[in-house]
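Notes to accompany the following structure.
For clarity, chains are labelled A, B, C and D in written order, and residue numbers in each chain start from 1.
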Amino acid sequence: MKLRYPILIINFKTYIEATGKRALELAKAAEKVAKETGASIAVAPQHIDLRLVAENVEIPVLAQSADPEPPGAHTGHILLEAIKEAGAVGVIINHSEKRIRIDQAREIIERCRNLDLTVVACAAVPVEAGAIAVLGPEAVAIEPPELIGTGRAVSREKPEVVTNGVNMVRKVAPEVKVLCGAGVESGEDVKRALELGAEGVLVASAIVKAKNWEEKIRDMALPLVKR
Amino acid sequence: MKLRYPILIINFKTYIEATGKRALELAKAAEKVAKETGASIAVAPQHIDLRLVAENVEIPVLAQSADPEPPGAHTGHILLEAIKEAGAVGVIINHSEKRIRIDQAREIIERCRNLDLTVVACAAVPVEAGAIAVLGPEAVAIEPPELIGTGRAVSREKPEVVTNGVNMVRKVAPEVKVLCGAGVESGEDVKRALELGAEGVLVASAIVKAKNWEEKIRDMALPLVKR
Amino acid sequence: MKLRYPILIINFKTYIEATGKRALELAKAAEKVAKETGASIAVAPQHIDLRLVAENVEIPVLAQSADPEPPGAHTGHILLEAIKEAGAVGVIINHSEKRIRIDQAREIIERCRNLDLTVVACAAVPVEAGAIAVLGPEAVAIEPPELIGTGRAVSREKPEVVTNGVNMVRKVAPEVKVLCGAGVESGEDVKRALELGAEGVLVASAIVKAKNWEEKIRDMALPLVKR
Amino acid sequence: MKLRYPILIINFKTYIEATGKRALELAKAAEKVAKETGASIAVAPQHIDLRLVAENVEIPVLAQSADPEPPGAHTGHILLEAIKEAGAVGVIINHSEKRIRIDQAREIIERCRNLDLTVVACAAVPVEAGAIAVLGPEAVAIEPPELIGTGRAVSREKPEVVTNGVNMVRKVAPEVKVLCGAGVESGEDVKRALELGAEGVLVASAIVKAKNWEEKIRDMALPLVKR
């Protein structure tokens, strides 16, 4: 296990506000809050910013995706060995904006096991979370795509998605952690997610687009430690 | 025009020999030969190594691929703005190991024009080179996939592919440079490519897997200046 | 040349109104209007309805897409030889709802030439039409995706897309016919398209969802013959 | 449940020997053997031949793939409603030659449930079979891609793949049937597959390319009834 739970994972996506040097600034803000509060916070910058961030912060860094192919003649692919050497501890896979095939998910998870990288696998609905959990990632993150970026938090709007997801995964692969995401934008949303059984949340726009990164991260990280 | 022709472009692919710190070493070897010989040499490391290389060498650096989407909610995508901020001067697109759709090629080329990034677009056969040249990249690189990585150079084995490609592109988009690649492994192969009308070559395994990078790069770069 | 120009091509998409037996009824309505008016009308039903339609009407039938692979171990692929044997005269490729890669477009067009099948290749903007025209289809159809299904006809809303497309294709591949589509919903729209230099139109929802198929087809087909 | 087990499923792929009218002949041979022996045999012709076959045989017919999208503006897609109307009883999904994403598999299975279509979902290895079984298909078919078309039957060469697959699925989704395939070419191979716990086999080239279809199908179907 490369991550500590409950966890707040900040996905930088390809938001311009979190690209290049600003990716490092955002990661630094997350690191600061993590140190101050003791909360477990990980960041997922773009591939091109991965090394810059991983070399300069002490919180866990995840890649936003990966390809399954081993080293070789694979122009333009995202190599797990490169992710590892850049200093990241793992990868997010199957995000709704980068869905992958079942065989690819299985191969990435297998290769990550050998490379000692952790995998957070996304899923749209509880049954997909169950399916992908069977493949053996460290965690699954349930994110109903229709709520992503809306500010209507899954933990408020569709609490049954979280509880059903937790139950589904517990049944088929009890060792896999369950996170949730989509629309989560406040500490209150994080708190509810944890109450529903999630062991963490994925957040993107609510933090990346906040006027005050540190303040927003603190707001969302506090429920992880105050319990 | 961000590149000087004739040119030698070294594609690092996801070869483990050119991953992470070794990517920088290989780029440094290329830079040394470029300075010594005056030859135009560009390098294309993996996305994750892009900034590391671009920040530390003075020769042009290209990304191995890119996605067309603008900044935003696009987890795992390769953002052109990130490529630019990392210090690269452009991108290779549509490599046989990362083919893209026609509409994506058009959008990337359009966005690169606005971002002042250069595009080298790959094609399998002359008519594909003609088609993609119409979209307005700076250069097209014809690489018959069946020769890639074989050591049987396109300029020796299928010289008509190069000459037909040059003619095809000259007819439909005369301002677009024509490069070639696939199996190119020696200075002699590069020389023949130039004689056939190509204004440069793409090389990967012949250099990446050479025992002595500097020696091999020098061998392949010299024909670019000795004419 | 398997099609007669100017032409009206009716794309059935996967509309339920034009699925199964109703696909045949719609094709029959098109056939009736074609016979009565002398207009050139082709229909493009779903793959599963292709043979049913092709065996029962005397107007040209096109498949909505195809895969490039030759016969063999390709489960789930759409084989050009099967399209031909079912009685279709050709295929539409690269529709905005089924975009393909440049190499795939080239391979399909090459295989269609050998199989004596015709190709109508779609494109989003003039420069894409130029690019794909270089690959040698019989016709290209320019359809700005943002207008598809809106009832705001490309020939009214963006006439310059049609004229630029015609000019672009004339320049790089003058033997290729230029059609247009997207939002076209009346005879008046068809008339304008022809005036702008198009040699036909692609229509889908305006006809498929019309209350009276025959009447709507007649309205849109008449401008093809009354000139 | 639309299929009877144990079952022999014949996948026609895009083999030219089983295209068009020959698809119907092959299906007729399968029907004859099914009637004579009482064995449960299903056939999976190409999409374009689906209706021709389904309308003319009384054994179950499956489509070789499907798209998840509901009826609408989806040019070139394979609509489940069209599959149903053509007379097929279900679909094979996620074949190694047509892999799909996890979310697509889930959506297809969900839509098939509503349309009363059955789903046979393929998987490369036991853990993938487990994952996809969680999504609720009627059956999963484990086919190690490296054995497909080799004549080296999974049930002989990798019996542990079958037994592990059976165990894996039994654990996470006990109501889901487990089939196997890849390299299966004789009645003996089928027999062993059943002994290992599989409730049927998928066969393609061994039957499609046999000189005497009826004889080969009989050879492979007999173990299903002689037990």
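The rule is short, and it goes like this: a contact is a pair of C-beta atoms (placed from the backbone, for glycine too) under 8 Å apart; a residue touches a chain by one contact, two chains touch by 3 or more.
Here the structure is a predicted model, which means the values were calculated and not measured.
Trainee: Using C-alpha centres only, name the chain that sits farthest from chain B.
Mentor: Of all the other chains, the one whose centre lies farthest from chain B is D.
Trainee: Between chain B and chain C, what distance separates the C-alpha centroids? Give it in angstrom.
Mentor: Their C-alpha centroids are separated by 37 Å.
Trainee: State, to the nearest whole Å, the distance from the C-alpha centre of chain A to the C-alpha centre of chain C.
Mentor: 44
Trainee: Provide the C-alpha centroid distance between chain C and chain D, rounded to the nearest whole angstrom.
Mentor: Comparing mean C-alpha positions, chain D is 34 Å from chain C.
Trainee: Listing for chain A: what residues touch at least two other chains?
Mentor: 96
Trainee: On the basis of the stated criterion, which chains touch which? Give every pair.
Mentor: A-B, A-D, B-C, C-D
Trainee: Contact residues on chain C for chain B in the complex?
Mentor: Its residues touching chain B are 94, 96, 99-106, 123-125, 127-128, 130-132, 134-136, 168, 172-173.
Trainee: Of all residues in chain B, which touch chain A in the complex?
Mentor: 11, 13-16, 19-21, 44, 46-52, 63-65, 69, 71-79, 81-83, 85-86, 92, 95-98, 148-149, 204-205
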